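Below you'll find the structure, written out as structure tokens, and then a few comments.
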């Protein structure tokens, strides 16, 4: 039987119906990882033993009549910057090559309580800084649609593991597009939730005011299901909003007649590849045919989103990454003569160039004399960006846009020019700056038959509405069901 | 040219909360290294801070007591620097919008009153402890103190002498202890000060270059260090030298300050708003509530003791010198003891016994009700004053019940007038010489006869009664 | 101070009046009071100059060295050259933010307007010490161990 074309909700139902056991399913996925991950490199850690043990426990509880969640017993995997107790959490960095957290992230706790079977930890750009996983200390993950190409990033392992059938669903994190862009590159679905919807406790911080954990899955319904498990207030995270978890009841089937979708025309101008533009424009037509009103608008201010983002993200990162000093955990150069040696050599040895570059840029914009001109300026522009989105949502329920200007590029092709790499985030970063949710779902294929995704952006806590639109689209199209050779090949 | 000393203080006070500022670890002093620590206060990857509400409540209370404006929306900032005692490599503090600003404290030195301005008060977290291990030539890091909440109280450079600084620190300590926001134990480091010292020509309004002494934790050391440092700077300037802005270290043994090895570069802390914490918004209602529940401060208490109880300024001052002594006094009054008598008992017998037994005010464990009962016995003529002193000691030392103690030891005054009369008769009969002397006008002899009577009655008679009866009999 | 000195020099040049040693402090005090009054801040002016400088001259070796020090990083000379070029390019790009007028805009450090998320002052048991120290590169006597810190 092939499980690879099944969604998490379907597999959860099969387990519930006793058509298959969680242990069987988990074993099949472990076998698949063994076969596939040589090519894909989506995993940094595979915890076969732990996963099978969890599967046994969960199965026993299901057999005892316990209802854990709709996804109980379904195998999944977690990005390697989310703390898992006793399990390596490296952030894709030499700095944390041996770090085993003594505690679980809140999302990990919630998943375990919901009966999730954690297969292991997923590859990513070092400390989530990058858009391709090429900055990972463990080597780049490879795109299942073409292993010469990048997966996107930073949650590249999270997207590739789902796209290749190595995991049914996964968790990623998104600071400037890190869930949405790899979903687009790998042809899977993902949600970057509203800032504050999901607890960040246990997510190793890159840029604290922008980071959010979110789900990646085969379709939007799986993502919504996962999000309903991991979202909701957490007393350990001051920035988690005091609301109940997100409720997606009635979002999967309903129609979208009368919904207004805004098209920011300035998102479709220069810099967007034709082979990406075309499928997104077609998606707009699909929405129209499903009964949505389409309205054109402009959000010019987002042209300033990338410089704003890099100033703020790097500033926060420079501070967040200062704790890696070779004293408490992680890498330390042996035989250091003095304290300064410990600092300088450990950090210089263990951080990659992209991380160093961002730390230095962040230190610069915060340093004495430059704070107002750079950092504070960016904080002000951030408000202008947020205001522009608020204005836009006066006119429409959501905004549709491309996710990335290109399809997945070849490994090594872009990594030499950081500025060019940063420009790849042009459609995604403003969403993080405004703290609003964004959904990324497949909407076609571009050059070299590589997947293309589209993005739906809504106002804070409008995830149910976004999911409803995305589900309507996926109910009407098959892009999310297309299979690459790994997906097809995976048999159990 | 004459020079004037100018001092500004940054006082750090540990708050008396049960838990740390951003996690639930205990703030208890001591403990084996790294046993009052969790992932949050040891700066593990991925952890987040959650603010202890009590810290904000205490900060508001302190701010109001020090006449500050409360910043309605205040925020935390990160102060970035690398040091092993700081596990996150940043200290969460408040730079841009501290919780309190523009306060003032009145001090008095040699009868002259003046205000010291409070520039700001902000909340922040304490760092860990480093211990040098001489056997291994290494440093050991203990994070138990990491994350203990601090208030930093920054004064204006308004001090013009070491005496003013001492007066301010004493007053500040009194107020903070009265408020219950800190125990201000200097030996445990829960109150310490950074002292900025400069000198300027008398009459000038332009501050001189200052030096800083960090982490001073004794009033005496601060006093001596200010005098030393101001003399050093004055001498330097008089000889045509220049004061260098630097951090210096006070060496109590050598009674002098020394320059610390200067860092290659000035610190650049790269402060920015702490994204992991929400702004703190303090409502009008919150401030009103705090004002309404604010404990009475020493100054107000002192004034009230004078106006309401008719005590002297001096007595009121002694009683309010410590919160716990005032607590005992007020307890006695509340239980019905007369304020006058309560004051005598507390400032007299009790403080004497405290010093004899080396009891600190906060260790006082005496039942105010028992003192009130003792005072009542004196007022009712059940015991005399001398007996009361002895009984007080029993109450103080052993928690004795005064009524029962007097009863069991037969210390109560005699109500049996006939016994007093017969005793006096005996005394008159056996002291003819004294009677003779008294009748010849020697007043002293009368006193002797009273004494003899009291002695025979084991001091249990009312001296006044003895007086009256004796006088009558000798007429 | 620099501005006050400059103004004093300019005054005496323009008027031909020498300001004697004895009056020097007095005049400087007055000029500074005037500068204060018009809201001139030495620090702010210095900052503006600093930012203007970097826009003209770009990131230089000194600044790279300084950033390495702030960040506790050592780059090899090759990397330093590269970092310099890249930082220059990125800062140039960031300068486009100056096209926007943000004078009346409130800086936004959080993506939402919520305030006051507190915990009560209740003690929660601390971690086992082994858990805190388990990842330490070096430990001794229940402490993290580092080479001697020099004050």
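Order of writing sets the chain letters: A, B and C. Residues in each chain are counted from 1.
By our rule, a contact is a pair of C-beta atoms (placed from the backbone, for glycine too) under 8 Å apart; a residue touches a chain by one contact, two chains touch by 3 or more.
This structure is a prediction, so every number in the text was calculated from the model and none was measured.
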*Could you name the chain whose Cα mean is nearest to the mean of all protein Cα atoms here?*
C
_Measuring between Cα centroids, what's the chain most distant from chain A?_
B
_Centroid of chain B to centroid of chain C, CA atoms only: how many Å?_
40
*Let me have the rounded angstrom distance from the C-alpha centre of chain A over to the C-alpha centre of chain C, please.*
34
*Go ahead and note the Å separation of the Cα centroids belonging to chain A and chain B.*
56
*Hunt down the residues of chain A that sit against at least two other chains at once, touch-wise.*
99, 102-103, 209, 235, 238-239, 318, 322, 325, 327-329, 339, 343, 363, 367
_Which positions in chain B are in touch with at least two other chains?_
39, 42, 50-51, 82, 84, 139, 141, 268, 270, 272, 275, 277-278
*Send over the residues of chain C in touch with two or more other chains.*
66, 70, 72, 109-110, 114, 117, 119, 127, 132, 144, 146-150
*Which residues of chain A touch chain C in their complex?*
98-100, 102-103, 195-196, 209-210, 235, 238-239, 241-242, 301, 304, 306-308, 310-311, 318, 322, 325-332, 336-345, 347-348, 351, 353, 356-357, 359-361, 363-364, 367, 369-370, 372-374, 376-384, 386, 418-419, 422, 433-435, 460
*Along chain C, where are the residues that touch chain B in the complex?*
25, 29, 66, 69-70, 72, 109-110, 114-124, 126-127, 129, 132-133, 140-151
*asked:* Help me check something: in the complex, which residues belonging to chain C touch chain A?
replied: 46-47, 50-51, 54, 63-64, 66-68, 70-75, 79, 83, 86-87, 89-91, 93-94, 96-100, 102, 105-112, 114, 117, 119, 127, 131-132, 134-138, 144, 146-150
_Complex contacts: residues of chain B adjacent to chain C_ = 17-19, 23-26, 32-39, 42, 50-54, 56, 73, 75, 82-84, 130-133, 136-143, 204-206, 260-261, 265, 268, 270, 272-273, 275, 277-281
_Could you list, by residue number, the parts of chain A that touch chain B in their complex?_
81-83, 89, 91, 96, 99, 101-103, 105, 200-205, 207-209, 235-239, 315-316, 318-319, 322-325, 327-329, 339, 343, 363, 366-368, 371, 375
